[in-house]
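Working notes for the structure below.
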Amino acid sequence: MRIALALGGLLLASNVLAQQAPVAAESPEYIKGKETLARVTGAAGSKTVENLQDIAPELGRWVVEWGYGQVLSRPQLDLRSRELATVAALTALGHAQPQLRAHINGALNVGCKPEEVVEVIMQMAAYAGFPAALNGIAAAKEVFAERGVKVNTTP
Amino acid sequence: MRIALALGGLLLASNVLAQQAPVAAESPEYIKGKETLARVTGAAGSKTVENLQDIAPELGRWVVEWGYGQVLSRPQLDLRSRELATVAALTALGHAQPQLRAHINGALNVGCKPEEVVEVIMQMAAYAGFPAALNGIAAAKEVFAERGVKVNTTP
Amino acid sequence: MRIALALGGLLLASNVLAQQAPVAAESPEYIKGKETLARVTGAAGSKTVENLQDIAPELGRWVVEWGYGQVLSRPQLDLRSRELATVAALTALGHAQPQLRAHINGALNVGCKPEEVVEVIMQMAAYAGFPAALNGIAAAKEVFAERGVKVNTTP
Amino acid sequence: MRIALALGGLLLASNVLAQQAPVAAESPEYIKGKETLARVTGAAGSKTVENLQDIAPELGRWVVEWGYGQVLSRPQLDLRSRELATVAALTALGHAQPQLRAHINGALNVGCKPEEVVEVIMQMAAYAGFPAALNGIAAAKEVFAERGVKVNTTP
Amino acid sequence: MRIALALGGLLLASNVLAQQAPVAAESPEYIKGKETLARVTGAAGSKTVENLQDIAPELGRWVVEWGYGQVLSRPQLDLRSRELATVAALTALGHAQPQLRAHINGALNVGCKPEEVVEVIMQMAAYAGFPAALNGIAAAKEVFAERGVKVNTTP
Amino acid sequence: MRIALALGGLLLASNVLAQQAPVAAESPEYIKGKETLARVTGAAGSKTVENLQDIAPELGRWVVEWGYGQVLSRPQLDLRSRELATVAALTALGHAQPQLRAHINGALNVGCKPEEVVEVIMQMAAYAGFPAALNGIAAAKEVFAERGVKVNTTP
């Protein structure tokens, strides 16, 4: 039943994506972008795009068509390395907590182990300082709690 | 001959590392740190540490013992993913060009392909904007020119 | 009735401004600053200054006398361009959400159309990345909801 | 004669743009992007794109097709306001001096007065501090010297 | 009674520190770090370390052993100057509010007067802009309210 | 002879300060600002202000009258603590190297020991990462070389 609701949410979001910009939606990059967005973010990414419909729909199209359809869909680097790199960068920048949580989810969705996500955040202590790393770990703790993920902390 | 000189430089740097902080140098983390530093940065890392001797030698010890001996030496994540993540983070931060160049070198030294380094920098256009990505690519261009590295740009 | 209360709040705030630093309040820059502050922020700016009275009243005086009385009151650039520029800069910096909301309000108060405010935030996707732009739009969405502002999203 | 050389440079750059990505170059956004890029940056923008050909040509295509063809070409905001906003944002960020110089040029190219460019940079003193504003003014001083632009500093 | 509870919390936290990493806990730096951590942060720092146990215990060890045991424990600079410097830096960075609150507490704990803490935050208006300073003061206001600290605002 | 020249430069700069904004120059804050500026920066600060005369003279006035005459001249905190805090903040921000060098000089000018300046920069490794600290030390190394300052690095 919960699965049905989740799927329903996904379908709803997909419909929104399909309706929002009829011409753009047909471009190969947009179609590719929707696939990569779903693979990386599950239903959360389409929800973000949906939330932009009444204020900045074009920004949503850019996220899908350019961000996911072009930048993240290039074959030169695997999605696992890409998501770890994004988690590292957003941890270091420090001012994008909602997006950091989304990409911690993204990293897990594309096959990173929780221990790898934790590790790349910890590593930022050396490149951006303890505050950035501590706030990154706090974000990971929230995401892991929501997903029921346990971290193996044996050294 | 050039190899001999390069090795000479490395030995000189190693001697400095060995002399600088006799007690600390014996800690297992320091020894491990020297190994990882050499693997990631070649002779450039020890040069950085050497340059700190007359002003902030302890900062150099921290880089070796904590940064490389502890943070980067943990087995939970491979050095290739670590270096790509660092390149991404330094590109996004934008204010650490010398360190960005060092870690572009580092990424290549631990086995990343030039195309992967370029890719993770390009990806930062989506997360930190074009200026950050363009300046990151400029740094890569310098490093690749110094090393005689060619990038395969076939899509 | 609600109007009366709002005006009351404004008067109260004005009184605080008048009382807080009797001598400084007489400087031409301070008087000019109060006018520009009121024009840009309505009652919200004086509320911010009021909140500083028990901890850092001089910081409040600097905001009024220097920030609004000197920087923003110079005739070389119109307030509309100034507020769009500030919205852009705070969106790009990413760590000043309360001030970003204040200046989204400020932009509307000095005559910017909601579509222009949205546009300059969207533009930051290219210069500071999607996370900055998405969090900027989220701030605009909150402000627009409070003011009952609708955005025309027809391309 | 100088005009002929400048035009020659522009044509050369245009040829590079035309050759680099034959298919993408035909998209309406790419064509529009080339026009907006030329209008904002003169020949400098195509030079930047040209410099990316041997390392990250797709990043160059993104700059033209998405950055200039989509983000900056939307009619919701005039190019003058857009360039002032970009100058403000890059001044505040502080780590993108080459791009700041490019957009100070861009602001002048689309019709901003030098006094307006100076003004929006000065304004950043209040939002990002004196160091950011002083470094922004230093960038403007370089650009103005190259173009032989004089600023009217009468209050 | 309240004192007893507070001490109880401290003891509990100390036990966690003692248990978490039996071998590392014995290093002189770790022992020194625990002392400095307690002096600067009271029980709050050990709580932060405790919160890391199930997700990134090594990050907690680094905070204690390296951050407090080495960096902050060096005799070259007194803790009062160190905490004022950290409050200034975190105010300027702007994206580390939880750590800023911790170090405002830390500054008071090591003997800074509330007026000095306020002053160094206000000073950041000149180096990082009003938004950073205003958000820093908001953090100080929260901390002072929790501790029942009053600021003497007589000029 | 060298002293005479240096004094001449100072007098020249002072004349510029006196001429640039006849009315403002008479304000008590401006006079106070000139004194504090000279005490903190020697002749370098007036040189910075002088360089602004042909492009943004008002920004120079703000630096003197507000930055030095008001913010830095308040008696609540000694100049030594203020300069160490500024060096810490500019090191952490990482994008203001010319100002960082100016305030490393400033810290020495108001009586900080070179070892204290080095220490507060090293401390930033924990709060803003190694790249920020390493670039801060590089700035200190330049300044110390210009002044012929030696650092005592005995632990």
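When the chains are written out, they are named A, B, C, D, E and F in that same order, and each has its own residue count from 1.
By definition in this document, a residue touches a chain if its C-beta (ideal position, glycine included) is under 8 Å from a C-beta of that chain, and two chains touch if they have at least 3 such contacts.
The model shown is predicted, which means the values in this text are computed figures rather than measured ones.
The chain pair A-D and the chain pair B-F differ in C-beta contact count, and the higher one is B-F. Greatest centre-to-centre distance from subunit D is found for E, with centres as Cα means. Centre-to-centre separation of subunit A and subunit C, using mean CA positions: 32 Å. The centroid of the Cα atoms in subunit A and the matching centroid in subunit B are 28 Å apart.
Each chain gets a centre from the mean of its Cα atoms; for subunit D and subunit E, those two points are 44 Å apart. Under the contact definition stated at the top, the residues of subunit B that touch 2 or more other chains are 58, 62, 66-67, 71, 74, 90, 92-96, 99, 118, 122, 124-128, 130-132. Those residues of subunit B whose C-beta lies close enough to touch subunit C in the complex are 92, 124-132.
Contact residues of subunit A toward subunit E in the complex are 93-95, 118, 121-122, 125, 130-135, 137-138, 140-141, 144, 151, 153, 155. Only residues 66-67, 71-72, 74, 76-77, 81-82, 84-93, 99, 115-116, 118-120, 122-128 of subunit C touch subunit D when the two sit together in their complex. Contact residues of subunit D toward subunit A in the complex are 58, 62, 66, 70-71, 74.
The residues of subunit E lying in touch with subunit A in their complex are 48, 51-59, 62-63, 67, 90, 93-96, 98-99.
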